[in-house]
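Quick one: the structure is below, and I'll ask about it shortly.
Chain lettering (A, B, C and D) follows the sequence in which the chains are written, and residue indices restart at 1 in each chain.
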Amino acid sequence: MKLKASWLAAALLAVAAIILPAFLGAYPLNVARSIMTYMALAVSWDMLLRSGQISFGIAGLFGLGSYASALAVLRAGMSPAASIVFAVLFAGLVAFGLGFAILRLRAMYFSITTLALMEIFRIIMHNLHDFSGGPEGVVLPAILFNGEAKALYWICLAGLFVTIAASVYFEKSKLHLALTAIRNDEISARTSGVNIFKYLLIAFVATSMLQGLMGAIQVQSYGFTMPDTAFDANFTLLPLAMALLGGIHSTIGPMAGAVLLGVAAEWLKLKIPYGHLVVYGLIIILVILFMPKGLYGLAKDKFKKSHDNRVKGKLS
Amino acid sequence: MSKLVTRELSKAFSGLVAVNKLSFSMEEGEILGIIGPNGAGKTTFIHLVSGILMPTSGQIEFKGKDITFSPAHERSRLGIARTYQLIHPLENLTVLENVMIGSVFSRGKNLKEARSAAEAICAELELDGLGRDTSQLTILEIKKMEIARALANEPEVLFLDEVMAGLNSDETRQMIGMVQRIAKEKRMAVGVVEHVMGVIRELTQRVIVLDSGELIAEGPYEEVSKNPRVMEAYLGGAA
Amino acid sequence: MLKKQSLPKVAAVAAIFVAIILWRPTVLIYGLQAAGLYASIAIPMGLVLGIVHIVNLAHGEIMMVAAYSSYMLCSWLGIDPYISLIPVAIITAIFGFIIYRLTIRQTLKAPELNQLILTFGIAISLTQLANIVFTSQTRKMSFSYVSASMDIGELSFGIYNFVFLVAAIVLAYGLKFFLHKTVAGKAALAVGQNPRGAAIVGIDVDKTYGLIFALACALVGAMGAMFITRSAVFPSVGSPFTMKSFCLIAMAGIGNIPGILGASVLLGVSENFLKAFRATRGWADIVFFVLIISVILGRSIRGKRA
Amino acid sequence: MMLEVKKLEAGYGKLQVLRAVDLNVGRESVGLFGPNGAGKTTLINTIMGIVEARSGDIVLEGKSINKLKTHEIARAGIALVPQERELFPGMSVADNLELGAAFVPRGKAVIKKQLEMVFGLFPILKERYAQLVGTMSGGQQRMVAIGRALMAKPSLLILDEPSLGLQPSIVAEVFERLAILKKEVAILVTEQNVRESLKAIDRGYVMENGAVVLEDSATGLATNPHVISAYLGI
């Protein structure tokens, strides 16, 4: 019963998201796209976090996807649609190669290395003048769907749906067991037959592909990119704050956090033109100190408690 | 053929020899006690056999196959399972999921099959409330869950590292009955580490005694416990 | 205290240095100057990592706060940074102690994830606050003594930046003296090596953590005050130093403070080596990341084998 | 009375380890025996403030130390030699010994006297004064740990399994030293090596399953069949 209700609610939300452009103008659609991009990044960051590995390199894979897609169009003459697919595969391939090296690392060593990788990608793009356009970046000959706001909204939504579907699959399949076991206790996981490296690699490659996908959609929607926007640290910071606020280790938590913070950020941007991101920093601090499970975790605990009380009430 | 054989198995940690040239074997359907004073190397020995640690020298064979350097997850798939002295529940999974994990990854079952297998094992161990978080369990329930998780691997060799510690006498009795039933029904070789000698006496057919990483005695408990070397290991030099 | 196996390595590095000096002396000179800056900022972070076992991702931001404080003291009151570094160090020490008590202390027992993300959040907050207060405009002060230069034969180069190398050496050996020769320092070292053992002998572990954190903030604060004599200040000026510092510490090995000096020299010289050629100038920044990733990986793989 | 433990209960999470433990140490040497898992180490860690007491009281020389933190308890006069030794491996023997006394207010003269006493007990520490503790053998490290504890001139010395992981010859040596020490300081020692330790104690308790089940003089314990059965279940 409960399960069906939640599926129904999800379907309704999805339909609402799909028909939303009918009621919105170009500016709100633009905002919605930005929120959806951050949401997809937040969810994908969380997917890897479920194994206990904290990546600080979301922006790295995102930017890599942007550049792969843009350069595939410019240098290899691919169609924009094909270039998005290419970017996803490219990000996956890079992650696969890197994974063999960096997935041996744990805790702070892994985190800092992912941060460093992001810098490496940025510097490479910065310096390959002839190929990547250097610091000025590249401009595409055309924007996807001629810049039609509704169509761009839908393609971004499609990217988000793919991410959410992947995340739900991570939650419902045996990947959930494997990743949670690795996060909780690697030794126990190993003696229960879990091949730790294999599942870390799956999670790392899958999340990198999703981040690359969102980067590719972004670049095809705006028609240009440069190192400082493609590898903007905000693409790491914002998703991280969103996921933490909403509640990590779930799909719904990062989504809720993205909506809340995304809308709040738009409003704050108008109020405080410089430094509105301070709110993100403060939210990260406060969540870690006072609400480490995030809003979703808090709600779940509340629900469980009231449920337990009801059960107890019935018994007595 | 013996289920599990070790030959001259040794493990040294930066000079300190924790397990020293240990040779022994385990047979089908047998419950073997592994005893020895604190620091004798019992847990290190189980780590070596389950692949958590790799030996410095020596050999481990499982049903005639050399597994000395196989990774832990492969040994689990072959049929070696264990529990932990310090309880290791996977806190963010439910009880049922904790038990399922062995079925899924060691036996390659899909989630549905694994779920029903796990439910069956838990029913057999009289463990219920399977949707609960592990933080809601009592000590006895956690110990049962750990055993259930090991059994879900469908092992042929099972090591129980101090599963009785922290249980009261009724619970201990219940646990003894359970372990005996499992060993008999599933024709497993079970290795039991315990400090409570009453449990060892009741539960096992044969014991090996370790002291400073060496095997100092082997045989039925009644016999071994009168062995002067064993008395000395436990109580110190001759009185 | 050289080990025998490290002799060939040392000889190789020395040979490379001699070759570089003969061929392009400025590479070595500017390399050492850059190394001084890197090391003097990394060493306080190494102190915290070695004793409190916290990766403080807000380390560079504390330096940024100090740089702005020193900038204000200088532009409003005309106080020279070399004088203001004392009040600035006191300010950042108090600031650091408050941060420790209010936030970091609460996460010491939590998983490492929480500590990393917490200090990441502190870093963002500080940068953005600076953005609000000072805007993103870069600010630069000029001081006459900075332009001091020296001529050797045909070679002419600025010598001011050697100040940072001196500061780094003073820091490294000063801290070494403190940690190994004074009772308070030994106690701090003991806490870093074994907090439980330290409590057993009567050392207040919590207080030690707080004081060491404050000390590190004071030291990086003093460096921040000096920093404005060399570079412009802007809100995100500190963040690259956080990562570079962590990497230098990882290269030296946690707890090896003089080793940070060596790692910095290696980094500074290699960067300036690339900067010496037009074709590779833009790639100088990458040396650092390549170096660090290979070192971290090398360490972790060797760790696995051991 | 040096130390009084009254109806002490403690544990970890759901696991209750200590059940209403009563125990006294006067100006004497007291042994604490029992099989692994009986709760000996937990009792000691609770006295030392490392594990929190759930109920009951711990009184040192008439003052309750129940609510104090570990470092305050150390300064109040209890020195612990933990099972895992808990030394500072990257520091020299000299530094480890120095830190033993540095934070307990005792005065320089006392520290000097204690250092002489430690060197008298364990001459090897004088020889290895500058050696890093992490490079020493287990037995030598045990001596450093005992020496470090003595440096503070404690009113009560607690030793948790001092013979663990040591060769028999060194075990005998450690207990010979303890037999000398008991003239100077009150001692509480847990030990699996019952026979050896009986030489160094006046009185002992036997614990089983978190509770004290037996209390007797050293000679009484030596002949008590219950002690043997607690270990070997015969």
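We take it that a contact is a pair of C-beta atoms (placed from the backbone, for glycine too) under 8 Å apart; a residue touches a chain by one contact, two chains touch by 3 or more.
From a predicted model like this one, the values you see are computed outputs, not experimental measurements.
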| item | value |
| --- | --- |
| Chain at maximum distance from chain C, centres defined as averaged CA atoms | B |
| Chain pair that, of all pairs, has the most C-beta pairs in contact | A-C |
| Centroid distance [mean C-alpha coordinates] between chain B and chain A, Å | 42 |
| Interchain centroid distance [CA atoms averaged], chain A/chain D, Å | 54 |
| Interchain centroid distance [CA atoms averaged], chain B/chain C, Å | 49 |
| Interface hub residues of chain C, defined as touching at least two other chains | none |
| Chain contact graph, described as a line, ring, star, complete graph or other shape | ring |
| Chains touching one another, given as label pairs in label order | A-B, A-C, B-D, C-D |
| Touch list for chain C against partner chain A, complex | 55, 103, 106-107, 110, 112-114, 116-118, 120-132, 135-136, 235, 243, 246-247, 250, 282-283, 285-286, 289-290, 292-293, 296-297, 300-301, 304 |
| Contacting residues of chain D [partner chain B, same complex] | 14-15, 17, 35-37, 138, 161, 163-165, 168, 171-172, 192-197, 209, 222, 228, 231-234 |
| Touch list for chain B against partner chain A, complex | 50-52, 71-73, 75-77, 81-82, 84, 88, 90-93, 97, 100-102, 104-107, 110-111, 149, 152-153 |
| Chain B partner contacts - residues on chain A that touch it in the complex | 173-174, 177-178, 180-181, 183-185, 187-196, 249 |
| Chain A to chain C touching residues, read off their complex | 52, 54, 56, 101-102, 104-105, 107-109, 111-113, 115-117, 119-120, 123-124, 126-127, 237, 240-241, 244, 272, 274-278, 280-285, 288-289, 292 |
